[in-house]
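First subunit A sits with subunit B, and in the next complex the same chain sits with subunit C.
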Partner chain A sequence: MASQTALSVQKVTLPKALALDSGRELEGVEIAYETHGDLAEDKANAILIFHALTGDQFVASEHPVTGKPGWWERMVGPGKPIDTSRYHVICANVLGSCMGSTGPASTSPGGAPYGMDFPVITIRDMVRAQMALLDVLGIEKLHAIVGGSMGGMQALSCAANFPERTSRVLAIATTARHSAQNIAFHEVGRQAIMADPNWQGGAYYGGETPDKGLSVARMAAHITYLSEAGLTEKFGRRLQDRDAKSFGFDADFQVESYLRYQGITFTDRFDANSYLYITRAMDYFDLAEEAGGKLADALAGAKDTRFCLVSFDTDWLYTTADMREVVHALNAVAAPVSFVELSAPYGHDSFLLDVPALDRVVKGFIG
Partner chain B sequence: MASQTALSVQKVTLPKALALDSGRELEGVEIAYETHGDLAEDKANAILIFHALTGDQFVASEHPVTGKPGWWERMVGPGKPIDTSRYHVICANVLGSCMGSTGPASTSPGGAPYGMDFPVITIRDMVRAQMALLDVLGIEKLHAIVGGSMGGMQALSCAANFPERTSRVLAIATTARHSAQNIAFHEVGRQAIMADPNWQGGAYYGGETPDKGLSVARMAAHITYLSEAGLTEKFGRRLQDRDAKSFGFDADFQVESYLRYQGITFTDRFDANSYLYITRAMDYFDLAEEAGGKLADALAGAKDTRFCLVSFDTDWLYTTADMREVVHALNAVAAPVSFVELSAPYGHDSFLLDVPALDRVVKGFIG
Partner chain C sequence: MSTLRPDLAKIAANVPQGARVLDVGCGDGALMAELRDAKSVDARGIEIEAEEVEKAVARGLSVVQGDANRDIMDYPDAAFDVAILSQTLQTAQRPDFLLHQLLRIGRTAFVSFPNFAYWRMRMALLLGGKMPVVRHLPVTWYETKNIHHLTIHDFEDLADEMGIAIEDSWFFVGGREIGGSNANWRAEHAVFRLSR
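Here is the complex of A and B:
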């Protein structure tokens, strides 16, 4: 990706060292973030949105690298389900990422980029960093926390570890534990990156970046974001810009062309090492394990928090069954929870796409 | 992989040039094969087994590279469901592969390995080569053809294009058409291989081979061979040889270690260019398209052939729904067909594993 140094984004430096699950500490952590809507005088109208693996703080504003609209503009804005004429929305780039928050591409105390000397982080570490951001911003308790996919993991982790910080938790298309299959797909992506000779053990900053490996990683992941039926409907076996098969290795099929494009464009905006670290954090995520093995124990402190959980029927990455485990745990601690499985054809990516039923659920829950 | 020249395998050279779907012709095609059991004097007891993507002719004999038992020893042998004390079993290495049959690693007429000058082939081309092998062997009509996965595609293609060559068709865990998702997974694998600088546009013979890319391709494919539940049962989130997470990028989880092993060992026995060509052939496979779009038209010539189709309930690569389309087409042409969906926890790989119900179906159908 393009050099981070060119990025001019809003950020704060955390005043205290961040203690991590690994036992390591990070000094001088920077957290980049965007806000929308005014913060009320009593500071009671703030909503924190957690982004997904390859997301960023540009939830409802133009991306500075790609020039594309925010990734959730359909949901966040004046008069939208998360209404910025009423709420103060905060979205921070997660720890370990590459859009201004401290990550492997950041300069270490030694003066060089961290690379693989960056500590392995967890979902809880990401949440810790964002709670520290709230401290800086002087926001004690949020109206709601909201997240889809890895954003949903952060929402659940936040509810488990910092239940006093929010009144409402909205977790969409997510899970409380990465499964063997989830880990397997991520491992393929990591191995693709590490197989790229440009990766250089992570010390590629200032030189050629491992774009080919990162591109393959993105392609593999992208398959898991779409449903089989969605892929069939969108592409089927249709050919790309040709009337007949080429009997060659060009992208004959539209689905090939689409995946290649997804892979290549991703490398313009994302750092390969960040991809390694964030997928690792997701694979490590097992909320029950943090509490000794019982998910209900992990969520016991959140019994007075209101939860809304949403799954999609065609999501095979984080399934309705995964979500139901969270519902059962919340039931076990008598937390108020509403759960809905929505029907949408797009698979996991449904949470980002045109699903009017989701808009209604979000609007209803946020209030 | 190790040099092919070291391989000493049984093979024939086809006496005539092989005309391919691409319009090209291949001269001097070699087909490597293994046989088990005696051929009857009337030559009416022969069974042809088609192998899968990364399979080979060593269906019931030790693999000369890995030293491992044949890939279907549980099914093929004296007294086994495909009983070699009664039947003469033939299994040939497919065109384009790398265990002795002509493929991209073979020497071209120009004297150098074909590499990417090898013609793009189709499933039907693979079948044509094996029908030509039968001609050499003097076998006009088979008792049965049998195949799982890509072997099943060959079985269906053979039934459609050479219905006069067999009395019975047994197709397991397969499809009449590669879906967008199937193509997508293969494309990830191909891009991983082509991203490996050792690939060198396919001209790597005699030098370093693109093992890292091929390994990533195999890892991605392997996920599709197993069911989500099977992966969970086999590995879950269990750690590999350690009591706690390492907070590093080693293979902490057993599933990571397993996938890495699958990837690395695969490169010992398989040629990366063969992987490109064979996956391409599978992606091109659409039996209905060959007949103008209607699957029933493709299979019309096989109305006097007996079919047995088997799917597995946990196979998400080639699903029961895929198989049902074939059943409906065969019903439409009034071909005798029996169809069974078996319950097995292993996903697509079930056809290779310990599923006693499959043994009974195979035994019953082969007779």
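Here is the complex of A and C:
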């Protein structure tokens, strides 16, 4: 990964140590964030967007490393479903990530990068850090919290642990618990990173970075974000820039070439250790477990919060069945909940792509 | 309220101000929106068709996509003041089970359904010898979602058997309300208010 030392992003340093689920504490936590739209005088028009595993705070503005547009510009902006001419949108880089918030690449109190000395964090720890950011910003109660994929996990965790901080929860293409299959795919990615000789037990900062391992991790994960039908339609068995198979191990097929490109470009903007820590946090996520095993108990405090849950019919990573468990739990506490399974061809990534029905649902729910 | 179907308008007119309401088979949420806007009702809905749910959510309503036959069991006892089942009873796998669930989660229930004993149905069956396709039940027998056709008398018998009290009833033909006399012969649609 390119050195982030030159990266200049908006951030705050949390005034108090952050107590973590592991029992450890982090001092001097920095949280990088971006905002769009004006905050009303009564501070009641704020919306917090939680980003996904490899996302960042650049939800609706150009990414400073890649130069690409914000990852959800189709959803967030003036006149968009999450309308920044009416709402003050906040998006913070999660704890453990690498776009300005404190993570394994950050300098530890000892003066060296944390590396593997960084504490293992949880989804709830990420949420705690962002609630602390809201405290710094003086925002007590949000109009809504919104997230897809890992962002949806944070939204559900926030609803369960800090129900007093939001009126609405919008969770898209997500789950209340990482399944064995989810964990298994992440483990493949982590093992790829740790098998890269450049990983060096995580102490690679200042030297060669484990790009090959991180690249393979991204390739494996990327498959889970797409539907089989989507892959077939996009690539089929078509060959890449050649008329015949090479009888070798170059990227003969378009799908191979595509995945290799996804892997390589990812290493330009992401830290391998962050990938380890964040996937671990997702694997540890089980909202029911936090409440003694019953999801309804975890969400009991949010019975007056309005929920909107959305799944996609082609998403096999976080399925409609996963989402229905959350719906059932919310019905059991008689919370005002909406749920819809939308039809879209793109698999898990549908939440980021052109699905007009999602726009209508988001706009209707946010108000 | 004039834009609502007559049976829905009748239900809307009889739901108390500010009630907690569950609309089972709520469609695009037309009744829920009316109740919210005109009566400050806290309305929730269940609907099986994704496109209808999407329309309802886009209206800012709380609607869950699901199969009422199964999902209604998730709600706690007495969670609602009013449970509504409009034009859905005849599509249920077990109408008796659904009725029981309605009055478990709601103190009061409104149920509306098409009356299979309406005189035109009887004549069509008697003279034509085929399953009637008429104005208020316009779908052929093989395409209809109505798997449990019933008459007003059938409903009254079931309510009696289940110990459900019929508190009020209204009858309609061609969108117009008619009196209750000989309704099983004269009415296309019926609306009942029930309690345990």
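Basically, the second predicted complex is superposed on the first by the 367 of 367 C-alpha atoms of A that agree within 3 Å, B and C clash if a C-alpha of one lies under 4 Å from a C-alpha of the other, contacts with A are read in each partner's own complex, and residues count from 1 in each chain.
The definition used in the following text is that contacts are C-beta pairs under 8 Å (C-beta built on N, C-alpha and C of every residue); 3 or more make two chains touch, one makes a residue touch a chain.
Values in this document were obtained by computation on a predicted structure and should not be read as measured data.
Visitor: Between subunit B (first) and subunit C (second), which does A:361 come into contact with in this model arrangement: first, second, both, or neither?
Guide: Second partner only.
Visitor: With the two structures laid over each other on chain A, which partner does A:332 touch: subunit B (first), subunit C (second), both, or neither?
Guide: In the superposition, A:332 contacts subunit C only.
Visitor: In the overlay, answer first, second, both or neither for which of subunit B and subunit C A:44 touches.
Guide: It touches nothing on subunit B or subunit C.
Visitor: Between subunit B and subunit C, point out the one touching more subunit A residues.
Guide: B
Visitor: Using the superposition on chain A described above, determine whether A:12 touches subunit B (first), subunit C (second), both, or neither.
Guide: A:12 contacts neither subunit B nor subunit C.
Visitor: Which partner does A:300 contact after superposing on A: first (subunit B), second (subunit C), both, neither?
Guide: Touch partners of A:300: none, neither subunit B nor subunit C.
Visitor: Kindly classify A:203 by the partners it touches after superposition: subunit B alone (first), subunit C alone (second), both, or neither?
Guide: Neither: A:203 stays clear of subunit B and subunit C.
Visitor: So in the complex, which bits of subunit B are touching subunit A?
Guide: 21-23, 116, 119-120, 177-181, 183-185, 187-188, 190-192, 194-197, 212-213, 215-216, 219-220, 223, 228, 231-232, 234-237, 245, 247-249, 251, 253, 255-256, 259-260, 263, 276, 280, 283-284, 286, 289, 316
Visitor: Quick check: in the complex, which residue numbers of subunit A touch subunit C?
Guide: Going by the criterion above, the answer is residues 306, 308, 324, 327-328, 331-334, 336-343, 357, 360-361, 363-365, 367.
Visitor: Where on subunit C does subunit A make contact in their complex?
Guide: 42, 44, 50, 53-54, 56-66, 71, 74-76, 79
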